[in-house]
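Before anything else, here is the set of structures, which you'll find just below.
Shared between the two complexes below is subunit A, which has subunit B as its partner in the first and subunit C in the second.
Moving on to the complex of A and B:
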């Protein structure tokens, strides 16, 4: 019984705090993405053929934790099968944040393009552990600055 | 030292390939920060301590790769790739590798 109360309290806390954090994060993501629209990032491997460019390796990373509510819901979903939308939004936030940080670094260096962008995502909460996931997203690419 | 994840660069010619160079780093954060991360895991949000940890770890791995590239006499590393694998909770291995080359005009 005690355990049940413990879980119920954390699920409620996780729901309110997690939702607030997620809303805030999405809002800031949208704002900053609009600012960074001037600096396109491309997955293309071919660098532009016109003119001389200065190049730097730029990267951005972020580690985001899941909240207790999401872990709980995902646990239920895992049993019945189907789309786990709580994890989808987590990964979406992590990747977008990582790409933004990469772009911000490129912007600081005065670059106008980022080429050959690669993503990397890993779960760092430990292999095969039953703990809630902690996701790391890492984005890197070559920033080009026209000489 | 020029580090890039492109395979080639316009206006720069590779005069010699020197083979694969690599660097790796395994790091963990101290227990206090692990406990804080555990609490954060209830409420969600960014774990800044871990973000920094992995960032530092990547820098160190890249540093080691650059040392190796310098040792073989390269002036650039092209086609750089990163990879991450979690070893235990709170520790991760960062691995970075690329092709060491000699470029004819690396400064431009």
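Moving on to the complex of A and C:
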């Protein structure tokens, strides 16, 4: 019984805090993405052929911890199968934040384009199914600065 | 060449509200757990019922049950209880290999129970409440009937099936179920099992004393011990989930059985022997 109450409290707290943090983060992501539109990031491996550029490796990295609510729902979902929508937002946020940080780094260096952008995602919570996932998203690419 | 990152539609995240997903999954899981547990418990108990009594006895003999009883310190009481149990065993027509062993426990707990291998435990706390031998025979007859109908092993079988399933899907199960503590703790019998044993106890009263007087007294003792609040209307839910049929119903079942079978509910009560004081 005691355990049930603990779980209920954690799930409720996780839901409210997690949801608040997520809303805030999405709002900030959309705003910053709009600002950073001036510096496009491309997955293309072919650099522009119209001039000479300085090149730098730029990268952005973010670590996001899951809240108890999301972990709980995902645990239940594991039982039935199907899309784990509570994790979708988590990974979407992580990738976009990582890309933004990479772009911000490129912007500071005075670049005008990042090409050959790649993503890596890893779970750094360690082994063991009991641990709530902690996700690392890493975006990196080659920034180009016109000479 | 023009490079740009236009504003993209927000379509990477499902629009479904997380609470909706949460409640659907939670309800689904609960229903699944309940259905699976009930099925496993029934299947396990059915399978366990097929285990021959000799095998059950072998398992029970692995635990040194006698070390937990106070029979040696109270030989007179133990002998008296055993004598009654043997008498009841004959009345119940137990097969010869189903030997009942009564264990007297010098403890204030208001309880008595039957477990694997025909071991029946009687606690001082309950025995000192009993007014006469008829009530004692009702109690012993009820517990012995559990053994007769293989209720302990069926209950174990059901419990073990559920425990194995729980351990398999990863949640922690009560592993003590399989240990020493499991054998000596009170087993949970279903309401059906309890009613079946009650009826058997009534048959014992009729065949030993020729009437049912004193039998219902046992459940009056339980009712009193539970306190008046349990009998109130507000506690319907509690009664629903409790495995023992409500005390009032059990008291009434003595009347009903007496009426149906044409047995008497009045008759001389046999006093308990003098040494049966605590």
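To be clear about the criterion, the second predicted complex is superposed on the first by the 145 of 147 C-alpha atoms of A that agree within 3 Å, B and C clash if a C-alpha of one lies under 4 Å from a C-alpha of the other, contacts with A are read in each partner's own complex, and residues count from 1 in each chain.
In this section, a contact is a pair of C-beta atoms (placed from the backbone, for glycine too) under 8 Å apart; a residue touches a chain by one contact, two chains touch by 3 or more.
Since the structure is predicted, the reported quantities are computational estimates derived from the model, not experimental observations.
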{"item": "Clash or fit (per the criteria above) of subunit B with subunit C on subunit A", "value": "fit"}
{"item": "Touched partner set for A:64, first subunit B, second subunit C, both or neither", "value": "first"}
{"item": "First (subunit B), second (subunit C), both or neither touched by A:14", "value": "first"}
{"item": "Partner chain in contact with A:113 - subunit B first, subunit C second, else both or neither", "value": "second"}
{"item": "Comparison of subunit B and subunit C by subunit A residues contacted", "value": "B"}
{"item": "Which superposed partner A:86 touches (first subunit B, second subunit C, both, neither)", "value": "second"}
{"item": "Touching partner for A:42 - first (subunit B), second (subunit C), both, neither", "value": "second"}
{"item": "Minimum C-alpha spacing, chains overlaid - subunit B and subunit C, in Å", "value": "15"}
{"item": "Shared contact residues on subunit A - subunit B and subunit C", "value": "48, 70, 129"}
{"item": "Contact footprint of subunit A on subunit C as seen in their complex", "value": "1, 3-7, 12-14, 16, 18-19, 21-22, 25-26, 28-29, 32, 170"}
{"item": "Of subunit A, residues touching subunit C in the complex", "value": "15, 19, 33-34, 36-37, 40-42, 48, 50, 69-70, 72-73, 76-77, 79-80, 83, 85-86, 88-89, 92, 113, 129"}
{"item": "For the subunit B and subunit A complex, residues of the former touching the latter", "value": "2-11, 37, 40-48, 50-51, 54-55, 58, 80-90, 92, 108"}
{"item": "Residues of subunit A touching subunit B in the complex", "value": "10, 13-14, 17-18, 21-22, 25, 45, 47-49, 52-53, 55-57, 59, 61-68, 70, 97, 115-116, 118, 120, 122-127, 129, 131-132, 134, 136, 138, 140-142, 147"}
